Structure formats: structure tokens, C-alpha cells
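Look at the two complexes coming up: chain A is in both, with chain B in one and chain C in the other.
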Partner chain A sequence: MWRVLDLYRRLLAVQIRAQLQYRIAFWFDLLGTAGITTLEFGTLALILQRFENVGGWKLGEVAFLYGLIDMAFGTMDMLFSGFDPPFFGQQVRQGRFDQLLLRPVNITLQVLGSRFEMRRLGRIAQGGLIVGAALALTKAHWTLAKVIYLPVVFVSQVSFFGGLFIVGATITFWTVESIEVINIFTYGGNEMMCYPMHVYPDWMRRFFTFVVPAIFLNYYPALYFLDKPDPFNMPPFVSFLAPVAGLGVLVAALAFWRFGIRHYASTGS
Partner chain B sequence: MRLFWELAKLSFQRQLTYRAATLAGLATNFFFGILRASVLMGLYGARPEVAGISLAGAVTYTGLTQAVIAFLSFFGWSEVMNSVYSGEIGSDLLKPMNFFTFWLAKDLGRAVANFFTRGLTIMLAYALVFDITWPSTVVQWLALGLAIVLSWLLSFSWRFLVNLTAFWTPNAYGIIRLAFTLSWFLTGFLMPLRFFPKWAVQFAYLTPFPHTVNTVTEVYLGLVTGPALVGALLGQLLWILVLIGAGQLVLRAGVRRLVIQGG
Partner chain C sequence: MDMSFIITVSNLQKHFKVSRHHRGLTGALRNLFSRDYELVRAVDGVNFQIRPGELVGYLGPNGAGKSTTIKMLAGLLVPSGGELWVNGCVPWRERETYVASIGAVFGQRTTLWWDLPVIESLDLLEHIYKIPRERFRHNLSEFREMLDLDPFLNTPVRSLSLGQRMRADLCAALLHDPTLLFLDEPTIGLDVVAKERIRQFIQHVNDQYGTTVILTTHDLSDVEKLCKRVMIIDHGRLLFNGELETLRDRFGGKRELVVDFAQAYEDTAVEGAQVTEREGQRVVYQFERGSITASELIGRLSARYRIRDLSVREPDIEATIRRIYEQRLLEP
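Now for the complex of A and B:
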């Protein structure tokens, strides 16, 4: 176990040192990734001056969804960037994945350590600021239970998105090219989860409830944190399904990943 | 001129060969379009009209913004930068054609292909699931055609200019990414600029960006008419000239310090 962790630490250290080589480029990257969130959220904040709410949710409440999801997606995108489907597809195509398979170290660990995108820190920080703003703007009553549950939801969200990345990466074993449709679930899911789920058409919300359980990771926990009523009249325990949904997706994705590796036939390049 | 059209044709054909990517891109754009239309409906609530834009107009707007993504290479374009780093630019500069025109021709083919495969198709898909609006007069259709062509020219001149930073730094990806991100906000891609407070609109109009997406959507939705319409098109033209001029100056300075590694 210690050996594994030590290896992971070393793999990351190499990545971090490499990324800090071009310092100016690194800062631009950091600003760029932070900028996307800031501008998108800033846009929303600006037009909410005119509209006042989105589907009945005020700026602070949407900010809570928005900031938390952005922090989680940013964290996942940093930790799991080795599994980022377009990147991973390229590794498969160029035969670099075969090199990893030859090494006597756990393959999942190697892929995790093969890329660590530090510039995502910009996005994580930005998401944190938005959550801060949300806490200042909303008057939710923060009980001890909520304070304990919040990090659990965050970790669940990270596992959820990580699972989606792993599924996307595994599919490239068969398709070789990264299939862009996975973006609908990863980036699309991220964008979708920034807003209260009741604004979406029924078919879409049902899909993101029963097929991809996104609704349990942001909307239902948020109803609990912000003391909001549930327009769909689900039982109240649904707000606490985040860890089940998040870890469930990750575990299922890892099982699929192992299945993929067992059936992996190299491209031969 | 013949060379220009041949290059454009080649690039058009090349673009058409990426069928799987086109389909995937379409699906993604359409999905995001539905998301953004839903958010706008959530924002509108019971209001029939905001800032002169009807709810149907706002939904149409989300379709238009998704339709121009591929056409204007909205999420990033670094081909000129790549050619600087790979050294390919060396042979490109030797071609009997202005370097800007060379890339303009290639981008024209790419843009036209995407206009049909990922622009018109999105609008047709939108027409299937939403009540969208269409330009109503002949003048409006003509102005729209003109605005679309000008928005591409403007977008290209700007993308070309940003790519030239590659002459000065060994890794311009971050700069290009930042520039594109800023443009999303200022072009009116994220939300119609009319929804913003006045100061934000005035600020955006100090830059060339609103003259791409925002102008196209406003012409399409019939929000600018008469003299304002002529002004909008002239605004596009003016910025195109400014950006092309700036591109030529920067290119000249950049080529002077360009070093092509052998091998």
C-alpha cells in the first residue's frame, strides 16, 4: 500500500515539475480555466439582475449548485485527467497504453498518475469562491448534520464525474477514437447540474434520474442544504442518496474498466 | 484567385470526411442547446417578452448560438500556431500566396462545410422540437446572409491574429484558450447582450466580439432594422478591416524573428 502511494506521489511530482517549467504559460492556463467559470457565472449573475430567478431559484441558490459542481468537476478533472477520453484515446492510438501494461505496477494507478492537470486549480478556486458567495447570499440554516454531509456530497460528485471519465476512456479500447458523445454526459452533465433540475424537460430529467443518476448528486442534496421543498414529491431520504449514486457510478465504471482491459487488443502501433 | 478556390475546395472536402465527428458534434451541440433553452425558459417564467426578445425568440437564440459554434470555430482554433511550432510555416511562407489569404482559403472551406453540416442541421432539428422564429422579410434574409459572411471574416481575422502570438512564446495554448474564453462572454454567445446591464453592453461594444454572434442573432431575430441594421453591418466591416490590418502588421514583425529548426 505504501509503495503504491509513494509511486503515485512520485508520478504526480514529475507532472507538477513539468507543468511549472513554462511559468507564464501555466498562469495563463490557470487564468483561462478559472475564467470560463467566472465568465459563465458572471453572465448569469448579470442577467439575473433583470430576471431575478431561474425557475424560482434566486442567485444565491443557483450559485450553491453552480459552485459546488464546478469545484467537484474541477477536482475530478485534475485527479482523473489521465482518463480524460480524448487524451486516453490518443494514448491507446499511439500504443502508449501498451507500454504502461508492460510495467509491473497496477494499471489504474499508472493511468491516474500519467496526467495531472494543475491548471484545474483555477477552476476549483473559482468554484470555491462561488460557493462562498452562495453561503453569504442564502439564509439557509446550517446544522451540524449539514456541515458533515456537505463534504460527503462533494466527494460523491467527484466520484460520479470520475466514473464517467473512466467509462469514456474504456470505450476507446473498442472505438480507438474518443467518442465525443461522452461529452454530453461529462461536460453536458456538469453544465446541466449547475441549474435546478426542474427547469429541464421531463424526458431529460428522467434520463438524468434513472439512467445517469445526476439528480441525486446536486439537486436533491441542495434541496436539503437550502431547506427547499421538492416539486416532485420524492421521499425525503432521496436527498441522502448522493454517496450511493456517486460511489455506485465509480464502482460500476471501474468494473467496466477491468472488463475493458481484459478484452483489450492493442492497435498494434 | 484560382489557387484560393482550390484550397478552399480541398479544405471543404477534408472537413466533410469527418462524418463520425460531425454527428457527435451535432448531438452535443443539440443537447447543449436544449439545456440552454430550458434555462432561458426557467428565466423567462411567465414573462412573454424581455428586452424586446420573445420567449420563442430566446429559444431560437440558443439554437443560433449552437449553430455557429463549428462554423466560427468557437471553442478554439490553433492551426496557425501549430504550423509555427511544427515548422510547417516555413514552406507555407514560401507559397506564391499571401500567408493570411492562404489560411483564409483553408478556413473558408472548413466554415462552409460546417455551416451546412453543423449549422443548418441544428436549426432544422430545433424547428422539429421547438417553436422557433424565422426572419420574415426579404431584406432581413439578405441582411442575415451578409451578417453571417461578415461574422466569419471577422472571426477568422481575429483567430488569425491571436494565433500569431506563437511567434513570441514557446507555448501559446494558454493565451489562445484565455482569448477564446473571453470572447464567449463578449460575443453574446452565453446570453443575448440585450439582457445585460447597459454598462456591460457598452463595454462589450468597445471590442470587436459582439459583431460576430450578437449581430447575427439580432439580425436574425429582427431586433435591428433600418439604419440600425446598416450600422450593424458597417460595424462588422470596420472591425474586419482593423483586424486584418493588425494581423498583417503583427505577422510582419513575427516573421522577422521566426527561426525554423532544421531536420
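Now for the complex of A and C:
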């Protein structure tokens, strides 16, 4: 276990050193990603100012949801960037994945260690600022339980998005033509999770409840943190299902990943 | 499993399903809905055994099944049938244990980190392969000298020339003392000097450490300089498996003797050989292997003429192998 962690640390250190070689590019990237988020959220804030709220949620409340998801997705995008489906598909086609298979180290660890996008720090910082602003804007009552549960929700969201990336990467073993479909799930899922779920039509919400359990990771925990009533009258424990949903998706994704590797070894393409 | 062999391959098969594409616009529409598969037998019942310390050339035209075999030997592909034992392991079944005991260089790709200086990649491999400190230091200093890595040890891999990268990759593949080394086109795209250096290094590793080497190449001078034994594959089947000499004897065609006479003779004919070229005092004779030896021929010539210098030209192995493919001299 220590050896694995030590190796992971070394692989990341390599990535960081390599990225710091291009210092100017790094700062521009960082500014760029942060800038896009600011712009997106700025647009939303302007719209909210005009219409007062989104589905009954005020600016601060939407900002809380938005900022938290942004931080989680950014963190995932940094840690799991080796599994980013278009990137991973390319690695497979160029034979770089075979090179990893020739090394006597767990393959999942190697893919995790094969890329570490530091520039996502821009997005994470931006998300953090938005959450900070949200906390100042909302008058939610912060109990000790909430303070403890918040990082748990964050980690669950990171595992959830990580699971989506792993599923997407695995699909590229079979086909690279459907990359766009995969992007709908990862980036589209991220986008839709930035807003309160009750603004979406029923079929869509059902999909994100029963097929991809996204609703347990952003909406229900947010209801709890912000002391909002549940329009769907689910039992209160539903707000605490985030770790179950997040880890569940990650574990299922890893099982699919192992299945995909077996398939790859029998076709080589 | 016989332990006197490092590789045992019996009736090895690899079949792929390849989807058949229909042509034209209607064909493109049919592709969307139906999938016809065609079964391609990339490797179709291959048998061979290799002893520790052998240096074997594995040859065949493109698409013959060469790299599919190598991928199965390296544990990257699971066979469709037959058996495969390497280093006492079934490669694909115990990947992590198995790959620790082999080294591989796939000519077109690098195992090194693109943006890192060479030395940092090599240092990282020490941890990836859990190489004992002393061993690592010893191997690194030896390979650095033999492959002359020092001039570019601190250069990022992306800035290396092809030859430099290949030298760095060879070093990377051998730092953990593998007992078996797979080289896929190790000299592709290199100039003569760089090729020679790489060949010398492979020979050295084979002599010094007894490393078993399987080499695929398009450059047959690699094979001539390095390999005693060759295997030839085509259409998924082994056509030849044996000594390079035997291959030459059976299919090699004619040898040549180039003679520089001390003076220009009018008549230079000799029994058992034909004159194919004449230029001043230089005459080239062609003779059949098996009907006369080089020394007999030289004896006959020197009895009649004054010879200043001579040399024997072996038939070009490249031409030999091309003839084997084209005329399908070796039906499986």
C-alpha cells in the first residue's frame, strides 16, 4: 500500500514538474479556465438579478450548488484526467496504453498517474470563491453536522464524476466514434447538476435519479445544507445518500473498467 | 512444461473479428445497421521453442502475424487458442509478475516520459520496477557508457533525435535485468552509424547477461549481424524455423568470388564457376553452394593465375527472404 502511494506521488510529481516547464502556458491556462467559469457564472448572476430566482432559489442558493459542483468537477478533472475519455481513447490508439501494460504496476494507478492537469486549479479556486460568496449571501444555519457532512458530499461528488470519466474511458475500448455521447454524460451531467433539479422536466429528473443517481449528490444534500423544503416529499434520509451514490458509481465504474480491460486484451483494439 | 526452454509456444492462435464495410452511400447506410464480420486468422497454429540466451530474428512481411505474436508473448493480447509459456508464466494471466521479468522496445513508441529529461525517466523506472539501489546504479553507469547517453541525459525526451531516443529506450528496457527482451524494429529509421551502435549493444547484452532476445526487423542486416536463428511467419503460419545458415543453404542462391588479379589475363575461365563481371584486373565469379567450395575455387584460380586480392560475397539475405515470400518456397 505504501509502495503504491509512493509510486503515485512520484508519478504526479513528474507530471507537475513537466507542466511547470511551460510556466507561461500554465498561467494562461489557469487564467483561461478561471475566466470561463467566472463568465458563465456572471451570466447566470445577471439573469438571476433580472428574474429574482431560479425555480424559487435565490442567487446565493444557486451559487452554493454551482460553486460546489464546480469545485468537485474541477478536482475530479485534475485527479482523473488520465481517464478523460477523448484523451484516454487517443492513448489507446497511439499504443501508449500498451506501454503502461508492460510495466509491473497496477494499471488503474498508472492511468491515474499518467496525467494530472494542474490548470484545473483555476476552476477549483473559482468554485471555492463562489461557494464562499454563497455562504455570505444565504442565511442558512450551519450546525456541526453540516460542517462535517459538507466535505463528505464533496468527496462523494468527486468519486461520482470520476466514475463517469472511467465509464467514458472504458467505452473507448470499443468505439471512439461515440465520444460525443460520452461527453453528454460527463460535461452535460456536470452542467445540469449546477442548477436545482426541480426546474427540469420529470423524465429528465427521473433519469438523473434512477439511471445516473446525480440527484443524491447535489440537490438533496443542498436541500439539507440550505434548509429548503423538498418539493418531492422524499424521506429526509435521502439527503444523506451522497456517499452511497458517489462510491456506488465509482465502484460500478471500476468493475466496468476491469471488464473493458479484459475485452481489450482479447481484441487489442 | 520443459524448463530448458524460456519460451514454449504450441499451436498458438489469434483470430480477430473484423467488421466488413460496405461501399458507397447505400453501403454506408447498411454499415449503420448491420454488422458483418469476417474472421481474420492473424496467427494460425504457430509452434516454437526458444532456449535461454538465444538471439532469434522473427521475420515476415507486414500483416503476416509478427506483431500479433509479439503482443501475445509480451502479455498484451490473450490468445484465441493454443498454449503459451514464457519465463514459467502464462503472460496474460499474471501480467504484473510477468512483465517485471521482461523488457520490451517497440520501435515507434517510447516508454519514457515525453516532457522529462531522460535521467528523470530512468530514475522513475527504478521505483516502478523496484530495482535494488546497487543494481540500478551499476546497470545505469554501464548502459550510459555503452550507449553514450551522457550527452543528452538532461535533455527532455521530446527533443531527442530518433537514434538518441532509441538508445534511451533500450537502456530503459534493460535496467531491471530482464531475462527476456523483445525488440520490435529497433533500428527503424536510423542511420548506419546509429544502427551499428544499437546492434553492438544488443550483442553485448546477449553475451554479457545471457539475455534472450526476440527481434523483429525489416532490416535484414540486423538479422545477419545478430541472429543465428530465424523464424519466418507469413499468413499466420511459421514458414521457417531454424539456423540462418540452413536458410541460406536451401534458398540462398549463388555465392560470388571477387578476384583482383595481378595483371589483366585474356582468359579467366575456371571450372565450377561463371564469370559475371569483368573490369580491368577485377573479375567476379558466381558459384553454386554445394557444387564447389570457396577454397576449392580459390585453389583452382591460384594454380593458374597470380592473384593480388580476393573476397567472397554471400548471397544477399534480403533477396533470399524476398524470394521465399514471393515464390512461396516454403509452403506450410
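The rule is short, and it goes like this: the second predicted complex is superposed on the first by the 261 of 269 C-alpha atoms of A that agree within 3 Å, B and C clash if a C-alpha of one lies under 4 Å from a C-alpha of the other, contacts with A are read in each partner's own complex, and residues count from 1 in each chain.
Keep in mind that, in the parts below, contacts are C-beta pairs under 8 Å (C-beta built on N, C-alpha and C of every residue); 3 or more make two chains touch, one makes a residue touch a chain.
Quantities reported herein were computed from a predicted structural model and do not represent experimental measurements.
Touch criterion met: A:Thr267 reaches chain C, while chain B stays clear of it.
By the touch criterion defined above, A:Pro229 reaches neither chain B nor chain C.
By the touch criterion stated above, A:Gly32 is placed in contact with chain B alone, chain C being left untouched.
In the superposition on chain A, contact is made by A:Gly95 with chain C only, not with chain B. Once chain A of one complex is fitted onto chain A of the other, the partner contacts of A:Val199 are limited to chain B, with no touch recorded for chain C. Of the two partners chain B and chain C, more residues of chain A are touched by B.
Shared contact residues of chain A with chain B and chain C: none.
Listing the residues of chain B that touch chain A in their complex gives 20-21, 24-25, 27-28, 31-32, 34-35, 38-39, 41-45, 50-51, 169-175, 177-178, 181-182, 184-185, 190-191, 195-197, 200.
Residues 16-17, 68, 71, 74-78, 80, 92, 95-97, 99-100, 102, 104, 106, 108-111, 113-116, 120, 124, 127-130, 156 of chain C are the ones touching chain A in the complex.
Interface residues of chain A, counted against chain C in their complex, comprise 3, 6-7, 10-11, 14, 17-19, 21, 94-96, 98-99, 101-106, 265-268. On chain A, the positions that touch chain B within their shared complex are 22, 24-29, 31-33, 35-36, 39-40, 42-44, 46-51, 53-56, 119, 177, 179-181, 183-184, 188, 191-192, 195-196, 199-201, 204.
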